[in-house]
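Just below sit the structures, each encoded as structure tokens.
In the two complexes that follow, chain A is the common piece, with chain B as its partner first and chain C second.
For the complex of A and B:
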């Protein structure tokens, strides 16, 4: 097996001896050894990898492969006979309007999450990073929502949005802003955004920490130089701070997109995809198809779609980051 | 720097933002101490006449929170322990031992890092069912460890790579095996990486909802987030119980975090960047 450099997949620093590993012979059962490898080392490596590899093979790799298999078969549920149906499930999925709706909602969901959670994380990081005495206090306080399980966040915000007793509508009414009260979760035009606010409230804290770490990495002498040149605070932000954050920003955006793609718990708890599928995401629709309608074939097609989206986002951002770090 | 004089104006400006962001917690805690009638008045600024600590007793008993917390703790201990036991050796092998297929394995784990667990959930359920692990804590532990393995391995690997080879060569000359190098030389200096891995896997296990929802069916084996969601939908009309149950679910972690916030912050930041 000749090793090819795979562009775009360098999430982490490349392996130490990449060129030495290239051009080696195949791995055979029992760890038979190619000339360049110490047989003792190979044996030890296999033993050290074994626990992780066994678990990972059974509970991750096998299911990944089986998902493809499921997508070509029809099955009426768990533990029932299935039969090969070719591309029928793919055709049925493409013809299902709720699939397209949930795909559209997922894309909106990603954008909302990046803007709300990423934006708030950046804004707070910029505000906090200059503080000396109170920085730790504010950082700790702003991070608190991130510690709460998204399912619990769903319960919390379902109550906040409760039309009669919820914090939002009652607070607005008491402040004389009764005109702004809404059916936050019952209005089809509003529901996806409302639920996303709950998820983003939970999510922004981590992005804020990452931005703070990014700000600390900016060379301080750049600010001194800008000050000598008489730059205003705004100019320092635009010409020093934001360019210095470019790498961490791409990282946060990719992380927020992947987190958004995995979004499930808040929607499941708060609306279960409703009303009228107006907050259905790909993940919640997978759950509905797989565990409620028992339609595994179509659920598997959606699983593959979800994986492809995740892979696409990862590849695009790795390319982008590789270009930035050059 | 000359920015010191900006401290208090900025802090003052941030205070209302903080109140707004933390308002959900404050509102829940205050409301959880109200009577059902007081909640019915729908005035979020009103203080309860008497602090109804009874709400907590009732919620704790009716919701079976003792059992839920116990299950969550067992779940967390199992995942953290197994994650360390699997990821530290594998990360070491990938970082410091040359063996055939290393590159190939590396990309296999990248695949797992990218694909969300929701995308493999149907066969995952079937595998657990086949192994008689559905509705058991062992089942949820194994599934969660496996889905966390790629991240854990990358985290440990990227830390071990930064350790100079000379350290390992020296131990080898002294006749140490790879296992000894890992346990006697590397792990003692790996506190930052281990701390990050423990905090991240503990927090994500404690808060996980999707896998428990699939795997843990009966109430006796359920974990805290899943149990709370079930409780909140069963007693949806009794706000005082839902509110106090919710506070029970988030308060312990928040207190723990405030006590150890520096470690949490370091661990989460390092983990997110390195993994």
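For the complex of A and C:
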């Protein structure tokens, strides 16, 4: 209930008295004032929300509806007449082995991203959080990759992985570890992981900052108490630090999963889904179908599949988190 | 004084607004490699000549962000603020994508009205007319002729000869490999580059007629006669003459190996002269020869229409776009381009009295004079292309055999309309 002052009133009632006055006014008017206020407020609220609602409808609801519509139609492009094909696009998608392969790659990609980017973010946060003078330097240095565009990151890492001139194989050879040189982007068993390393390198900085913020919120007296009890550094990490980071970890994992599902740019730049579809993700396959083959119907089906995947993963993760916190 | 000033301002305003109202801007997608000084010099000159011949017209270059193959052209057209006229990699496979999506105008009428049909080779016009039931959607700007580039000095020092047969070619590959060099460099991450070598191998093993039949669906792609080229690629990889690691390279990465002479051979077309210049490679040292074949008369480059002009359906300046194409097809412009040091292609009609600007281009023109075979990358239907390129990557990375890869291509061909 909004408590309104009479225009021109110079006195402000104490908070306790305000609700009493409001209550009295409502009772005196037999509830009609409250009803008038409610309908007036609802109308105003709708008018105030209208611009946002219109924008939301245009930029979110309409595209979602259009995607569903596209998924039941066949068209060679936006300028062509489309025809209703029922569930044909869904059947073709289900029968396409590359879809299942790219779905599997997407799940692997997500896991790699959570582990590599999230793990590195946590490890570096732990490593630099205790530093006094140099923390700002390291924090800035480690965050810098996050400011670089993913496309640029892709180009940089593709050069690092170059089997003949790349930094990685050259360094291994120079260090006498030539036996470990690899075709980082050509070996089917390695390519997805290699590209994910590049993507995670760009992403870990943000997670590191979140973990540092989480570490700063842990009550220091807990460490003092653990110290008095003779806890080792490992025990302090396991029994004080990690439980203290539970909320941040949940947030980071959620964020990393969402970012993982959105993986596209580095794969597109570094391998374009190859070799022989070994790094194809759902997102890159959607692009391939929609913009290279102009098969918008099947691309729309995959967009819906990706959305369902995101919803399913989020639901499962939230339930698991809720069960853990009970 | 104030009245005079106000009058002057008003006069200037009227003049400026009139000028703005009359000004027309033609947005052109291209040219490629405009950042290279020689290319920029040539195209800025052409632009200036066109603007001079058409007062009030401004030409604006839109540096390409990609091709039809990676969806960049389609996205630019779809944006509705894209180019008015497009110069891009073409061929029936690519053109069918934008034609089926109704993104480009049919130009058949213009061929008659503007006399374009007399400004390209007759065989080329016949080929274009046969592609979409008589409708033509492109105006060829340049033709491709893909063959083997080699280092003349490296070959002379080692006593290697350009092979005449496939057997000699295999012997040469073994000799290069024994010397610690990469016999052939390829960057299949760039799909075109993958197709250049593979098309050469198919042509060399099966001949022009067989590949033509396969493209017209008169023979299956997994027929041993057609699959022979794929099996050859598989064997070259197994023998280590093409390293599996190359599956992770793109055109730039692979050509870097060749420019630095760590690789002895590279399959490319006349456009490679631009890449070579950019890399500081001495083009006098570049040699060119078609891929050898055991079939008589089949050692010819592969190719087809390499680049074409297209007019988007949503071009804001369709008339100006047609005028621009007229201008590009005119004798002075074509001759100017053919003689320019930045010249990188075979032009779509015979140009008499023109001396190619580099010796290697002369060799390419000579090799292509007897005709070129098919580069399937530009002839295959759009729905098959992706599988085609991925199979080549699979062959180079050792994930699929020649026969199995060609079965996958055939399966897609069977689905294609």
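Throughout what follows, the second predicted complex is superposed on the first by the 257 of 326 C-alpha atoms of A that agree within 3 Å, B and C clash if a C-alpha of one lies under 4 Å from a C-alpha of the other, contacts with A are read in each partner's own complex, and residues count from 1 in each chain.
By our rule, contacts are C-beta pairs under 8 Å (C-beta built on N, C-alpha and C of every residue); 3 or more make two chains touch, one makes a residue touch a chain.
Predicted, not measured: the structure shown is a model, and the values here were computed from it.
Judged by the touch definition given at the top, the superposed model places A:56 against chain B, while chain C stays out of reach.
In the superposed pair of complexes, A:164 makes contact with chain B and with chain C alike. In the superposed model, A:293 lies in contact with chain C only, and not with chain B. In the superposed pair of complexes, A:150 makes contact with chain B only, with no contact to chain C. Applying the stated contact rule after C-alpha superposition, one finds that A:314 touches chain B and leaves chain C untouched.
With both structures placed on the common chain, the touch criterion links A:225 to neither chain B nor chain C. By the document's definition of touching, of the two partners only chain C reaches A:186; chain B does not.
Between chain B and chain C, it is B that contacts the larger number of residues in chain A.
In the overlay built on the shared chain, the residue A:277 is in contact with chain C alone; chain B does not reach it.
Chain A uses residues 78-79, 158, 164-165, 287, 290-291 to touch chain B in one structure and chain C in the other.
By the touch criterion stated above, chain A contacts chain C in their complex at residues 76-80, 158, 161-165, 183-188, 191, 271-278, 287-288, 290-295. Contact residues on chain A toward chain B in their complex (touch as defined above): 1, 3, 6, 9, 11-13, 15-18, 20-22, 24-27, 31, 33-34, 36-38, 41-42, 44-49, 51-53, 55-56, 58-64, 66-67, 70, 78-79, 124, 127-128, 130-134, 136, 138-145, 147-152, 154-160, 164-165, 167, 170-171, 173-174, 201, 206, 209-210, 212-213, 251, 255, 258, 261-262, 264-265, 268-269, 283, 286-287, 290-291, 296, 299-300, 303-304, 306-307, 310-311, 314. The part of chain B that touches chain A in the complex is made up of residues 3-4, 6-7, 10-11, 13-14, 17-18, 21-25, 27-28, 39-40, 42-45, 82, 85-87, 89-90, 92-95, 97-129, 142-143, 145-147, 149-150, 153-154, 157-158, 161, 177-179, 182, 203, 206-210, 213-214, 224-226, 228-229, 232, 239, 242-243, 246, 249-250, 253-254, 257-258, 261-262, 264-265, 268-269, 272-274. Residues 69-71, 74-75, 78, 97, 100-103, 182, 188-189, 191, 243-250, 253, 256-257, 262, 313, 382-383, 386, 389-391, 393-394, 396-397, 399-400 of chain C are the ones touching chain A in the complex.
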